[in-house]
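In what follows, subunit A forms one complex with subunit B and a second complex with subunit C.
Let's look at the complex of A and B:
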C-alpha cells in the first residue's frame, strides 16, 4: 500500500510526466512512408500493426485448415470447426436467411478486431487505437448496410425506406447514415484508446503485478467485447436494412382482401 | 488526435480488410464449409441407407411373419391329417382284431363241436365194446352157470340210458 501511495504521489507531483506519457500513448506515429510522384504517403503504426494482424490471421487460417478430414477428425480440426461454426452462428441468428452472404464479412471483421484489440498484450499498439482504422471499418460497415438494403429492395425501395415507419422520421433516418458509422467508430476507438491509456498508467504506477490483473479486463475482456459489439451492431443494421418492409405486407394483405372480396362477390352472383 | 486522420490510411485499411476477407474466405471458410458439407452429405447418405435398411428389415419381418403363419397352418393340417390317419388305422386294427377274434372263436367252436362229436363217438364205441364185453361175459356165465335174464335186462336198460345222455 505504501508503495502505491508513494507512486500516486510521485505521479501527481510529476503531472507533466504523466501528461507526456498519456500524450505519447495517444499519439499516432508514422511507421514508414513512401512517395508516389510528388505525394508523400505516410503509413501509421496502427496500419502497420493491422498488416501484422492480417498476416497472422491468414497464416493461422492456412495452417489450421490443412488436411481436413470428413471423419476421424483431429482435435485441431474439431476446435477450428467449432470456433468457425459458433462465430458464424452468432451472425446467422442475427441476419437470418436473407443475410447469410454477409456472415463471412462479419466473421472476418470479428476475428480482425478481436486480435487487433488484444495486440497490446503482445507489445504492439492496437490498430483500433488509430482513428483511421476505426473510420475505415465503420465506413465499410455502413456502405455494406446501404448496399445490402439496395440489393434487397432496389434503389427505389431503398429510398422509400427512409420514410419508414412514418415520413416524419425521414430526416432522422437520413441522419442515421452518418450517426451510425460515427457511433460505431468512436465507440471502438474510445474504448480501445481508453483501455490502452489506462494500461499505460497502471504500468507506470506498478509495472509488476497490477498490469497483469487489469490486462485481463482492459485488454482481453474489453477488447473482445468491443469487437463483438462492433460486428453485432453492424449485423443488426444489415438485418434492419434487408428485412421485409411493412408497406409491402400491407399491400399483399390489401390484395388478398380484394381477391377474397372478388371471390365472395362471384359466389354471391 | 483528429489531425491524424488521413485518407490514404483509411483506404489502406479498407484494402487490408478486403484482402483479409478474401484470404479468410479462401483459407478458412471455404475449406471448413466444404468439409462440413461433405460430412453432412455422408450423414444424409447414412441416414437414407439406414432408412432403406429399416424398410427392408420391416419387409423381411413381414414376410417372415407371413411364412410363419403359413407354417402354422401347414402344421395344423399335418397334425389333423396324422390324427385322422391314426384314428382310421386304429379303427381298422380294432376291426381286424375283432374279425380275427370272431374267426378264432368260430374255429374254436367248430373244433369244440367236432371234438365233442369225436368224444361221443369214442364213448359210444367204448360203451359198445363194454356192452359186447359184458354180453360176452354174460354169455359165458350163462353158458357156464346159467344166466339170469333179469340181470341182463337191467344192464341193457342202464346202458341204453347212458347212451341217450
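Let's look at the complex of A and C:
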C-alpha cells in the first residue's frame, strides 16, 4: 500500500509540471541560425528535421536505383520495384486516365510525409508538428489542383468550372479554394501535434512499457494514415479538377437508371 | 485562468460529434462487409477516408483548445 501511495503522490506532484511539459512539446524552437551580411536567418527545428528527412530519402533513392537492369534483376531491385508499384497503384485508381502525370508528385509527398510523421520514433520532433510545414504543403497541393485544372481546360474552362454543376454554387466553389488547404493543413498539423503531446504525457506518467504500446498507434498507424489521407485527398481534388464536363452523358445514364429502377419495381410488383 | 481552462474544455466537446460520426461509419461499414465480403477492400478505403474527414472536426477542437490554453 505504501509503494502505491508513493507512486500516486509522485504522479500528482509531477502533474504540476505537465503544463510546462506540454508547452515545451508544442513550442517551435530555433535549431540554429546563420547570418548573411546583416540578416539573421533562423532555422526552426521543424525545418531542420525536414532537411534530415529529405537527405535520408535522397540517399535512399540514390543508393537503391544504382545498377538497374531490365532482365536478371537483383533482389534489391525487385523489392524497390514492388514498393514503388504498390505506392503508385494507390493513386492510379483515384486520378483516372488523365491524371497519370501527377502520380510521381503524390508518391513523393506520401514518402516525405510518411517519414516525417514517424520521426518521433527516432527521437526527433516531427516536422509536420510545425504549422508552417503543413501550410506550405497544403498551399502546394491547392496550387497544383488549380494548375492541373487550367492545364486541362484552359483558363476559360477553369473559370467556367466554378459555375458547375449549377451557377448557385459558385460562391462555395470559390470558398473551396481557401477551405480545402485550410482543412488539409489543420488536419495534418492537429493529428501529429496531438499524437506528439499525448506520447509526451504517456512518457511522463510511465516511462517504461506504456509508450512502446501506444507508439504503435500514435506514431506509426496515425502518422502513416495521415500521410495517406493528405495525398489521397489531394489526388481526389486533382481528379475532380481534371474531370471532363459531360452533362449530356450523365443525363442519359440517369434516364437509364430510372428505366432500370422502373423495370425492377414492375417486376417486384 | 480558471475560465480559460473551461473554454478549452468546451472546445474539446467537438470530440463527441466526431465519435458519433466515426461510430456510425464503422457500423455501416461492418454491415456492408457482412452483406458483400468481396468488396471489403474498397469499403475499408472508403471507411478510412470517411473517418479521416469526420475526425477532422475533433482535431479542429483540439487545435482550438491547445491554442486557448497556451496562447491566451
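Operating definition for what follows: the second predicted complex is superposed on the first by the 224 of 269 C-alpha atoms of A that agree within 3 Å, B and C clash if a C-alpha of one lies under 4 Å from a C-alpha of the other, contacts with A are read in each partner's own complex, and residues count from 1 in each chain.
Definition applied: contacts are C-beta pairs under 8 Å (C-beta built on N, C-alpha and C of every residue); 3 or more make two chains touch, one makes a residue touch a chain.
None of these values were measured; they are calculated from a predicted model.
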Quick one: subunit B or subunit C, who's touching more of subunit A? B
Which superposed partner A:75 touches (first subunit B, second subunit C, both, neither): neither
Given the touch rule stated above, what does A:140 touch, subunit B (first), subunit C (second), both, or neither? first
Of the two partner chains, subunit B (first) and subunit C (second), which one does A:62 touch, if any: first, second, both, or neither? first
Once chain A of both complexes is superposed, is A:186 in touch with subunit B (first), subunit C (second), both, or neither? second
Touch check for A:225: first (subunit B), second (subunit C), both, or neither? second
After overlaying the two complexes on chain A, where does the subunit B footprint on subunit A coincide with the subunit C footprint? 26
Could you pull out which subunit A residues touch subunit B in their complex? 26, 28, 41-44, 46-47, 50-51, 54, 57-58, 61-62, 64-65, 68-71, 77, 80-81, 84-85, 88, 104-105, 107-109, 111-112, 130-133, 135-137, 139-140
Any idea which subunit C residues touch subunit A in the complex? 48-49, 52, 55-56, 59-60, 62-63, 66, 69-70
Mind listing the subunit A positions that touch subunit C in their complex? 19, 22-23, 26, 183, 186-187, 189-191, 193-194, 197, 225-226, 228-229, 232-233
Report the residues of subunit B in contact with subunit A in the complex, numbered from low to high. 1-2, 4-6, 8-14, 16-17, 19-21, 23-25, 27-29, 31-32, 34-36, 38-39, 42
